[in-house]
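Got a structure for you, written out below as structure tokens; questions coming shortly.
Labels run A, B, C and D following the written order; every chain starts at residue 1.
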Amino acid sequence: MDKVFPDAPSALNGVVKDGMMVMAGGFGLCGIPEFLILALRDTGAKDLTVVSNNAGVDGAGLGLLLETRQIKKMLSSYVGENKLFAQLYLNGELELEFNPQGTLAERIRAGGAGIPGFYTKTGVDTVIADGKEEREFNGKRYILETGLFADLAIVKAWKADTSGNLVYRKTARNFNPMMATAAKVTIAEVEEIVDPSELEPDQIHTPGVFVQRIIRGGGYDKTIEHLTTRERA
Amino acid sequence: MAWTREQMAQRAAREFRDGYYVNLGIGIPTMVANYIPEGMTVTLQSENGMLGMGPFPYPGDEDPDLINAGKQTITELADSSYFDSATSFGMIRGGHIDLSILGAMQVAQNGDLANWMIPGKMVKGMGGAMDLVAGVKQVVIIMDHNARDGSPKLLKECNLPLTGAGVVDLVISDVGVFEIGGSGLVLTELADGVTVDEARKRTDADFSVAAEIAA
Amino acid sequence: MAWTREQMAQRAAREFRDGYYVNLGIGIPTMVANYIPEGMTVTLQSENGMLGMGPFPYPGDEDPDLINAGKQTITELADSSYFDSATSFGMIRGGHIDLSILGAMQVAQNGDLANWMIPGKMVKGMGGAMDLVAGVKQVVIIMDHNARDGSPKLLKECNLPLTGAGVVDLVISDVGVFEIGGSGLVLTELADGVTVDEARKRTDADFSVAAEIAA
Amino acid sequence: MDKVFPDAPSALNGVVKDGMMVMAGGFGLCGIPEFLILALRDTGAKDLTVVSNNAGVDGAGLGLLLETRQIKKMLSSYVGENKLFAQLYLNGELELEFNPQGTLAERIRAGGAGIPGFYTKTGVDTVIADGKEEREFNGKRYILETGLFADLAIVKAWKADTSGNLVYRKTARNFNPMMATAAKVTIAEVEEIVDPSELEPDQIHTPGVFVQRIIRGGGYDKTIEHLTTRERA
């Protein structure tokens, strides 16, 4: 069972279909699977439902799949960095389901852990509660949210070993670990693929059971959205 | 005369207590980190998956893998830790964060908060705001007391879609400080040079005035 | 003549496929690890929080911080990983483990399993067994075909409290192999020297006989 | 805010009350808070409800609190290693609530994450489902389980830094990380307390926000329940 594929297009081979649900890791442009997004664009797959905290920016990240109109619907918590998104949405060319960020994270974690539904106080008395069951526990009000499980998850990690164990780096971790657990097929792209003996068993963030395919991306853009510095004293 | 943004941030920092874990929103709330009192340990959480957020990096030291929830480059501290988004919001939803300081479009006298959406305009999304106000122990709002057109933002009732109902504990504006509690909305501090009359004129909400100020 | 425990374990190992992630119960199921076919990658999960479980340690190499779900000392492999119990059972409940091999007190012809409790006797608890049979993709039972008093364990209906309903896919006993699927319980293999008649005598459940054997 | 206490008795000072709910980490005798259990026994606190996967063995672990009759009720998944437990239970001196191990782990994780209830397929059609709401999602049946949140969690880690960040070792991790999140007060005992600079931020298992007090235990028993070895070839 060799999990390592030579590149992103070959890793996507046989797992991409029109109308599928795809989870894509990252927070803004931090920790996004750059090469798998490009390769997914190049498959030409249409009518995708994409679960991702954000929708990239114009010309980068998931913005690339918006340009080609491959996305039918997005589940996100914040899409404010993308003008094309706004335009498509206002024209009715794109469906959008907002999820509070923590609810989105928990829905993905739940889907991966075999939990079909859970209660949360986030969103009670807001539009997020519309159409959802409300229920009291210990006199407090909560709403029912459901687990999410996708056909494909594309995630970005720092290092993988050949067994699919993943390690993330700093805040590039974000949504990637949960998404890796919540899809029929999970493909990880990483900056380095190492021998299993090089990753410490106590320090693995995503155990290999969750990862079916691995590629090494080379030459990451890692675009910074808001470069912010302080003056040297 | 009224408080500047810096003065509002300074006042908000007085809500810090030693050992607090705090989440700061984008904008003026971010500035509050500059006023942590000397000798006090306050740990900043960033909901994209970090505890122990450090200051912005020196030019050239920025790391694209290290950003805050506003997508700004930041730095780590000796005791920082990173975790995934589910763990981060478990921390928030589970009541482990002591204080959240956020901006607002509207606050109602019962503590309702609207800070994520203006119907008819493009909607950007709530990000983590709904989770923060639902889960964090104490919610402090820093905002301009009035909108650019002069209309009041501290209202009898919000007319924008809510971020959370009855979630705000304290409002700090350029006019002063308002507490929201069992006895409704109470003006507890006035900015330099602002009178109770002026505060009333610029506010739609009903509020009482704390004894210290009324005197 | 019938299969020995080793032969049952060997037969169970034939359910392994390259790349499988497998959870093995206590007792005979643990022995199945000894029969992983050469050249096949099978990764063992231990529900107390480990993937990539290695063999028992050499004397003197045992580590009290490294045990399996049966509380036996084990070793790690190059690609092992450790995780907490919630993650471990997320893996199990979420359907990420391909195969679980467990022991049983009773199995019913519809796949019901009882392997955790005998009312009136002291109850030890189900441990992770209910989670495993509810979550793992394929559940294989290895058991003695009859209890010590000779009574059948493969029944029309279980009379002990269930671990899970309709969860068993395959039963391997000293008598042979029984599949449970759309067409009910089917005897698909006989142990050396066991006849269909003997299997029927020693079984309470109704079962059909696969063509290969009936012939 | 100094989180480091000199020893287990001082760390328990002011947080122990009769009738409280205590979570105690560990799987069997692996990764149990040995010193905090001893100190809890010595407080003499009574009528405790204890959440722990197991109940120790006779004379070790939570077995010590059974000897002194300080435990009124246990929530566990497996208690088969303890004869005194059996005797107390059969005499009606001890209440017992069995939870499937994964349900127990998830209930604790949920409690710590502000999730008051979730659905699981574990236990459907068994005695575990008695009295619980059953519900279908996508045509499959699930039961409702609730989150657990205790007054006190006592956990065992390998290392802590002075900010309360924890790192566990091998399978001694088990229930400890979730329990650390699911109590009003969490006390961690560790084998070594280090400066924060010595723990890598990417490799911390329990962030310091969850830990209120820390002690260093010295001279761990780490009893092995089933010493199992293979012959040297």
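Throughout what follows, a contact is a pair of C-beta atoms (placed from the backbone, for glycine too) under 8 Å apart; a residue touches a chain by one contact, two chains touch by 3 or more.
Keep in mind that what you see is a predicted model, and the values were worked out from it rather than measured.
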In terms of CA centroids, furthest away from subunit D sits chain B
Ranking C-D and B-D by C-beta pairs in contact puts on top C-D
Here the gap between subunit A and subunit D, centre to centre from mean Cα coordinates and rounded to Å, is 32
Cα centre of subunit A to Cα centre of subunit B, whole Å, reads 28
In whole angstrom, the CA-centroid distance of subunit B from subunit D equals 36
Residues in subunit D with touches to at least two other chains are numbered 106, 109, 113-115, 120-121, 168-170, 173, 201-202
Where subunit C touches two or more other chains at once, the residues are 76, 82-83, 86, 89-90, 92-93, 135
Every touching pair of chains is listed here as A-B, A-C, A-D, B-D, C-D
So, in the complex, the side of subunit C touching subunit A is made of residues 18-19, 21, 41, 43, 45, 51-52, 76-83, 86-87, 89-97, 135
Residue positions on subunit D within touch of subunit B in the complex are 1, 109, 111-115, 161-163, 165, 181-182, 195-197, 199, 201-202, 204, 207-210
Contacts from subunit B onto subunit A in the complex sit at residues 46-50, 55-59, 61-74, 76, 82-86, 88-90, 92-93, 122-131, 134-135, 161-166
In their shared complex, subunit D is touched by residues of subunit A numbered 106, 110, 113-121, 135, 137-138, 140, 142, 146, 167-170, 173, 201-203
Residue set of subunit A touching subunit B in the complex reads 27-31, 53, 76-81, 86, 89-90, 98, 100-106, 108-109, 120-128, 158, 168-178, 205, 222-230, 232
